[in-house]
Amino acid sequence: MSQGPAGTDQPSGGSADPAELRAALEAIMLVVDEPVSETVLAGVLAQPVERVSAALGELSAEYTAAGRGFDLRQAAGGWRLYTRAELAPYVERFVLDGQQARLTQAALETLAVVAYKQPVTRSRISAVRGVNCDGVIRTLLARGLVEEAGTEPETGAYLYRTTNVFLEKLGLDSLDQLPSLAPLLPDDLEALDPDARRMRERADVD
Amino acid sequence: MSQGPAGTDQPSGGSADPAELRAALEAIMLVVDEPVSETVLAGVLAQPVERVSAALGELSAEYTAAGRGFDLRQAAGGWRLYTRAELAPYVERFVLDGQQARLTQAALETLAVVAYKQPVTRSRISAVRGVNCDGVIRTLLARGLVEEAGTEPETGAYLYRTTNVFLEKLGLDSLDQLPSLAPLLPDDLEALDPDARRMRERADVD
Amino acid sequence: MAESRAAADGAAADDSASGFTVRLDNFTGPFDLLLQLISKHKLDVTEVALHQVTDEFLAYTRALGEAADLDETSEFLLVAATLLDLKAARLLPAAEVEDEEDLALLEARDLLFARLLQYQAFKRAASHLAELHASGARRWPRAVTLEPRFAQALPELVLGVGPQRLAALAAKVLRPKPVPVVSTDHVHQLRVSVREHAAVLRDKLLRHRTASFRALCGDCRNMLEVVARFLALLELYREGMVAFDQLRALGELTVRWTGGDEPVELDVDEYAGPPLRDRPASRQSGGDST
């Protein structure tokens, strides 16, 4: 593994080195989902906004000049990595090819948990299913089957709920029409899972 | 996972131009959220697998040589973009999801036993470590590093194996990349432990 | 986490009896402790004269006793007992093997060594995994939401399930996992409640009045429940609430409700005896009450 120009032990200080600043920006842009403002980036990197702004501009121009597959663009008041427009046909082919029209078993199970326990956090779903569910949640979000529903006051974690698209796909008018879980669950579930009681009560309503 | 017309020579829509192939790969890598196999990429791009494989290797080497903030890596049987490890201090400020908790020594030892002896029962792991491992196994299950793999026919005990998440978190492409245990094991262990022989045989293979 | 509980890093335990003071380091089990003691004395595992470390091991175990739970302590005691045996026999390093007792001790020593070596190998493998994990934890994968134009390009989704199937999936996922139960299933089998199954039968028969035994067991998840339901039927028969029709031997068994129109409280004994499922013959004998 290469060492790279990046100093590892440099937690708090800003990176004066232009190469490191650019690398740090690239790394951050790789993981962010929403456009990030120059102010936020400057704060995190402990650099003047002008410097960050200039570095982003240079990177963007460099990607374009080199004909790279990614495109660093400003949108909605911030910067984000996008796929380059000219290459959309390839990306589309990949997306269409990779993502079947059917949901995976993991996605269906996650959807079922959201449907019956909504609003629910990711960590709660992961705990129930025993595996990390971030990827699956993203799929369900992208498919419009679930949506964010605010945050949990205590933890600040995002809550998720099912959407109208979900109801349509299932042919239901409202969530009240979901079949009751009570007959499907063992009776002693309540003792084991505090959530189960709420769920059964909810399920018993209809 | 779809197969696609991989390995065939130039069906429709293949990009013969090396620069375009690389750009297309970059664009696709930007939208994947799990490691993608060379076969799938070759199918989507209508290119021979060898060509795709070579292009990915070149891109990866180029990113590293240039000290870019992203790192194209092979893990769990496919390719995926990661942030470069040296830039972790910067990225950490954006990724605050607490997923990065360290594994305890007990968890690591248990993981090692599962990795080398899989599929393996809990009692077998406990025997190797000399302590009960139920709590640790639950932790590893919850973090998606191990999973159930059916039951042992004779005893009905649950079997455990490592997951793709395990491979990806450790940056391994496959289990074959685990270092051989053979040099670490004593020669006369076989006589005492029937499992040890299997293990050595397995370890000697690679 | 349970494993680190014993660590109590830096905690000192004073063994006043021998005036011996130990400091508890981080260790994850008896083998780990033993290895640490052996390496502390700069001894080779394969040649170590175990009596040199036995006292220290015992001291650790004694100190641990207050901090650890019974399970944990017993593992340490097991190793300690083996060490004590070996020390008492003064078998090491070269003993003349004469009687069977000596042979047994030699075997015990070899087995302990072998397990120790095996553990040592995995411990080294674990430290390799730790390095991999530490560097892996410093890389974050690209994982972002699909750009809108590609999200829109996705093929129309086929959900592939209806409400009932979705409910079944939810029930499956939400049902407590068998995992935390610890593999004692083979020791004591799941209990089923004959009383509960009698209530199920009562409700079904109140609704249908007549049904075949096969139909009454249609929702049983395993043979154990079928057996429980059969026993419950016998109980109901004893109470005069059901009647049976069977046209020929081994043919379909039809059950008729004769218990009236109102749901009645059932007075059904639980089967408190040995589990209903087959157990090893040796354990089935004896006067277990039923």
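Per-chain residue numbering starts at 1, and chain names A, B and C are given in the order in which the chains are listed.
Going forward, a contact is a pair of C-beta atoms (placed from the backbone, for glycine too) under 8 Å apart; a residue touches a chain by one contact, two chains touch by 3 or more.
Bear in mind the structure is a predicted one, so any value in this text is a computation, not a measurement.
K.L.:
Need the most distant chain from chain B, centre defined as the mean of C-alpha atoms.
P.N.:
Between chain B and the rest, the longest centre separation is with C.
K.L.:
When you take the mean of every protein CA atom shown, which chain's own CA mean is nearest to it?
P.N.:
Smallest centre-to-centre distance to the global C-alpha mean: chain B.
K.L.:
Take the average of all CA coordinates in chain B, do the same for chain C, and state the distance between these two points in whole angstrom.
P.N.:
Roughly 28 Å, centre to centre.
K.L.:
Taking each chain's centre as its mean C-alpha position, how far apart are chain A and chain C in Å?
P.N.:
36
K.L.:
Just the number, please: Cα centre separation of chain A and chain B in whole Å.
P.N.:
Inter-chain centre distance comes to 22 Å.
K.L.:
Residues of chain A that touch two or more other chains: which are they?
P.N.:
Where chain A meets two or more other chains at a single residue, that happens at 1, 30-32, 82-83, 88, 91, 95, 100, 130, 135, 138.
K.L.:
Residues of chain C that touch two or more other chains: which are they?
P.N.:
135, 140, 142-144, 146-147, 150, 179
K.L.:
Within the complex, which stretch of chain C touches chain B?
P.N.:
Of all residues in chain C, those touching chain B are 1-4, 26, 28-32, 46, 71-72, 75, 79, 110-111, 114-115, 117-130, 132-144, 146-147, 150, 178-180, 182-183, 185-186.
K.L.:
Please name which positions on chain A make contact with chain B in the complex.
P.N.:
Residue list for chain A touching chain B: 1-8, 10-11, 19, 22-32, 44-45, 67-70, 81-84, 87-91, 93-95, 97-98, 100, 126-127, 130-132, 135, 138.
K.L.:
Considering the complex alone, what residue numbers of chain A touch chain C?
P.N.:
1, 30-33, 82-83, 88, 91-92, 95-96, 99-103, 108-109, 111-113, 115-117, 128-130, 134-135, 138, 141-143, 145, 169-172, 177-181, 184-187, 189, 192-193, 196, 199
K.L.:
Show which residues of chain C lie in contact with chain A when the two form their complex.
P.N.:
It comes out as residues 135, 140, 142-147, 149-151, 153-164, 166-177, 179, 196.
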